[in-house]
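See structure below.
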Amino acid sequence: MSQQPVYQPQEVKRREDKSNRARMLISCPDRAGIVAAVSQFLYEQGANIVQSDQYTMDPEGGMFFMRIEFDLQDLELRLSTLQEDFGRVADRFSMRWSIFRAARRKRVAIFVSKEDHALLELLWQWQAGDLDAEISMVISNHQDMRELVESFGITYHYIPVTPDTKAEAERQQRELTSGKVDLIVLARYMQIIPPKFIEQFHNRIINIHHSFLPAFVGGKPYQQAYDRGVKLIGATAHYVTEELDGGPIIEQDIQRVSHRDNVNELKRMGRHIERIVLARAVKWHIEDRLLVFQNKTVAFV
Amino acid sequence: MSQQPVYQPQEVKRREDKSNRARMLISCPDRAGIVAAVSQFLYEQGANIVQSDQYTMDPEGGMFFMRIEFDLQDLELRLSTLQEDFGRVADRFSMRWSIFRAARRKRVAIFVSKEDHALLELLWQWQAGDLDAEISMVISNHQDMRELVESFGITYHYIPVTPDTKAEAERQQRELTSGKVDLIVLARYMQIIPPKFIEQFHNRIINIHHSFLPAFVGGKPYQQAYDRGVKLIGATAHYVTEELDGGPIIEQDIQRVSHRDNVNELKRMGRHIERIVLARAVKWHIEDRLLVFQNKTVAFV
Amino acid sequence: MSQQPVYQPQEVKRREDKSNRARMLISCPDRAGIVAAVSQFLYEQGANIVQSDQYTMDPEGGMFFMRIEFDLQDLELRLSTLQEDFGRVADRFSMRWSIFRAARRKRVAIFVSKEDHALLELLWQWQAGDLDAEISMVISNHQDMRELVESFGITYHYIPVTPDTKAEAERQQRELTSGKVDLIVLARYMQIIPPKFIEQFHNRIINIHHSFLPAFVGGKPYQQAYDRGVKLIGATAHYVTEELDGGPIIEQDIQRVSHRDNVNELKRMGRHIERIVLARAVKWHIEDRLLVFQNKTVAFV
Amino acid sequence: MSQQPVYQPQEVKRREDKSNRARMLISCPDRAGIVAAVSQFLYEQGANIVQSDQYTMDPEGGMFFMRIEFDLQDLELRLSTLQEDFGRVADRFSMRWSIFRAARRKRVAIFVSKEDHALLELLWQWQAGDLDAEISMVISNHQDMRELVESFGITYHYIPVTPDTKAEAERQQRELTSGKVDLIVLARYMQIIPPKFIEQFHNRIINIHHSFLPAFVGGKPYQQAYDRGVKLIGATAHYVTEELDGGPIIEQDIQRVSHRDNVNELKRMGRHIERIVLARAVKWHIEDRLLVFQNKTVAFV
């Protein structure tokens, strides 16, 4: 078939060279000496710290969180040794930690149903070079967006979900994604994600909910908002947990509305907030800016 | 007692002369000819329409709402005749309507407990001439703010509320306000308003709730917001109905927060939103900009 | 050539039926009786007023502006008679006025250079049914966006502009647009529009300037903003006049930035504001919500 | 005279104990090892880092900025030794640096003319415990606010400024403030600050300008904004330099306006932005969150 892409993948705008850029995420119980130990370690390796953020929940015995961005010559070659060596520092402080190479783009699968605005925003920001990820595939329970997605050079998987095909659909989805993508983005995907799937992609599934959570959990949030007569509508990007719309909130934003705006108008205005909020959350995740602790996010943005 | 006021009432800044300014609020089932009839009536009276807003819920058989601001020579003298004459127009369209003289400032009672920020903002805006009302009294279940309030030349009533004195407190509050004030503002007043009081001041009691309703109904909303890990906090001004935090929403606003902000910090930031949101709602009410229909407000602002 | 459109024009989502909807814009010196005369006229025609906004610059002898949206049976058939009849009302008040049929979508030409974000937002909102216009053509001094634009089923005219071809380019542009489009949108078009062109499309050319005007007039506004160390960046949509970046402002918005954001980051963030602000301005224009008076806009939004 | 204070200074709400809290501000050319050296030094002293922010202008040879908040036992006693010892670390990296004790509140002089809103906001936030400073005095070229200020227990100096008394006024102002206050806040003070005064309080005089700088430099910015027809108005807090309204910007914010808002309405709305923006800037300064470099601020907020 002679598919005619609009934007060739090779047209994706060139990004800054980041081959030696690494990002380190750390969480551990707070105590004196952590920053000294980490920064001393990096200094001895010859790394140059480009950015560093930290947060202590409570100066008295709380948790400590840290994100460090650094440059290190020959990073790719030296990474495994670096990780091994850092393990010794980490053990002293009972750290949970990861080091990511910025050049190793996260692989993303986008799930979508029939509404295209959230998907389009992600594709456009990706194409503009603002989302530094690899969009591996789009999975949908409808055929509607195939041409659009393929025109960006991205593979489109149509996996219908009906009561009968549910189990089979899940099997296919997991086969396509297990070990093959790093992040799943639900860009207005209107099906429930099964618990096993959620468990496997723990804190790696981002959903956009079309309300200012925890207001208007569940279905038809714009109708709910209209019925309540709120003066602001919102959208919430969150990690998916088993509790519906109850996972750790990553980002929220709102827009002013008035009595003049009917439900359709709220939906129209809401689309703009949804796409912006989701894109921000995805950007922060793929740039390793998010840590999750006790159903909340620490967002170093 | 030689109380020493800081700001003399007579120092309140002079406002624009509004002796001939009137405001008309109308609601009725929509049908053709309403605007023509109303504007024709006003024209024949010699009135000059200064501002006019209207809203139709649904072009097919919905409700119609209108606010007209107009100037009419010798308004005070002519008002009762005007109202009588307009009654005939109103009857044709089954209108609910009121005409207010702008110069007849609404009399306001402010209820407050121990937190001063919302009260202070109201006093401040009033003193600056931004709130064109008469602040008749402040009623509090504590003595804390007596000196402050009296320094503005405003009467302060201390009415303690305990389980034992509850009935007596309500009796005193009603005696002070019945027929003597037009609006009651709960500026962080931490006691329940009894149903009879609410009934008597139907859609004339404004409360500030320290969350983005309907999220975090009830007590300790900042603690709730912190526990949920939201990225925005809000405040909501609403008319008080028997349903706790369930009345018609007048105004809402929000402020961005982050994981760094603990409950105290949320409270601190929240105070700024609360006072702004409450002051806006009060301003709109005293300028006759609000209509209530089916637990929602139409706000001509 | 077998060009493969991604979104067929026929896929554009269906809009509400507006075949009998009209919009009337009026400006005239203020005096008593205008609203009565206009609403009486419409009532006698059998029109139903759906929305009405008015604004008086100064109750004492200022200008009066009005926008009325109404439904009238058989509008298309009756429009010319309606206009003729209204002429008599208009003459009494020295009105400047227009009546637009909502169903007669405005024809829009979009001018673009190499940056695609503002164009894409317009196409996207148009395709989603949010911009109720006919996008007649895209004109560019570069070939870059041909495929993208044609994939939406829109004609793309490549008109290079060099010092030598300038006159010829202008001739072509005017030939394509004169009498054929109602609005020209400069969606980051980096060439000067010649005075004659501006005169012909008086108050019908909308430009997006990438700063919060009047700050940072002229070239490289993000560099200017960075150098000045501002804490907010903005974008401004305005009608084009002969004075560079000096025409009537239609809409502005801003985004918070920090010392961390370098010029490239400002540009990236700015693109999001630019596209939103431009799309709002275009939407308001095509919905006949804008009146211009003395280099300012009255925006009934 | 029996002046009757409304809020006794001792009523100022209790703040968190910060007797051992210090804040360190550092700027130097960027190179590897800075963070390691500083954090190692603090660790060896037994300090616990509570918060740390850093910023590198350009990973290749740019400037490096850092703010560290830490707790150290017996801080007051040990401070001078600590500073001496840190001097050796600082020299290795050519640092400009300071260490501030949080418990040593900055002494502030507020200059004001006739408009009270910015002053009142500062006094209220101070009184509420949000501004952790010592307000040493208010200096005004008018008598208007004496009673108000004295009711907070703050000394009020009336220093009239006329062409004849200018030199004498400056002499008095400097005598009152030299070595006696750490920060001067111009809370709508409508007189020019002389160059020598600015030099003496280099980056320690904060002004609030009532526009979104660099738009509308100079006098009557709201009139300028109205004349230009902007859709947002703003306010800017900045350090005062010899160039009028040209100093390093600390904070800005805006508010949406419409064609309906006349100059007086812009002023009214603007007052709310001015007071909020100024209070934020003052808060950041007194919490040692601001560094100035090349006429820009690095704001660790």
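A few remarks follow.
When the chains are written out, they are named A, B, C and D in that same order, and each has its own residue count from 1.
Operating definition for what follows: a residue touches a chain if its C-beta (ideal position, glycine included) is under 8 Å from a C-beta of that chain, and two chains touch if they have at least 3 such contacts.
Please read all numbers here as calculations on a predicted model, not as lab measurements.
Both copies, subunit A and subunit B, contribute mostly matching positions to the interface they share, with over half of the numbers common to the two.
With each centre defined as the average position of its C-alpha atoms, the distance from subunit B to subunit C rounds to 38 Å. In this assembly, the C-alpha centroid of subunit A lies 43 Å from the C-alpha centroid of subunit B.
Multi-chain contact residues, meaning those touching two or more other chains, occur in subunit C at positions 55.
Taken as a contact graph, the chains are fully connected, with every chain touching every other chain.
Residues of subunit A touching subunit C in their complex: 2-4, 6-7, 116-117, 120, 124, 128, 130, 147-148, 151, 268, 271-272, 276. Looking at the complex, you find that subunit C touches subunit B at residues 32-36, 39-40, 42-43, 46-56, 59, 71. Listing the residues of subunit C that touch subunit D in their complex gives 55, 212-216, 228-232, 234, 248-254, 258-260, 295-299.
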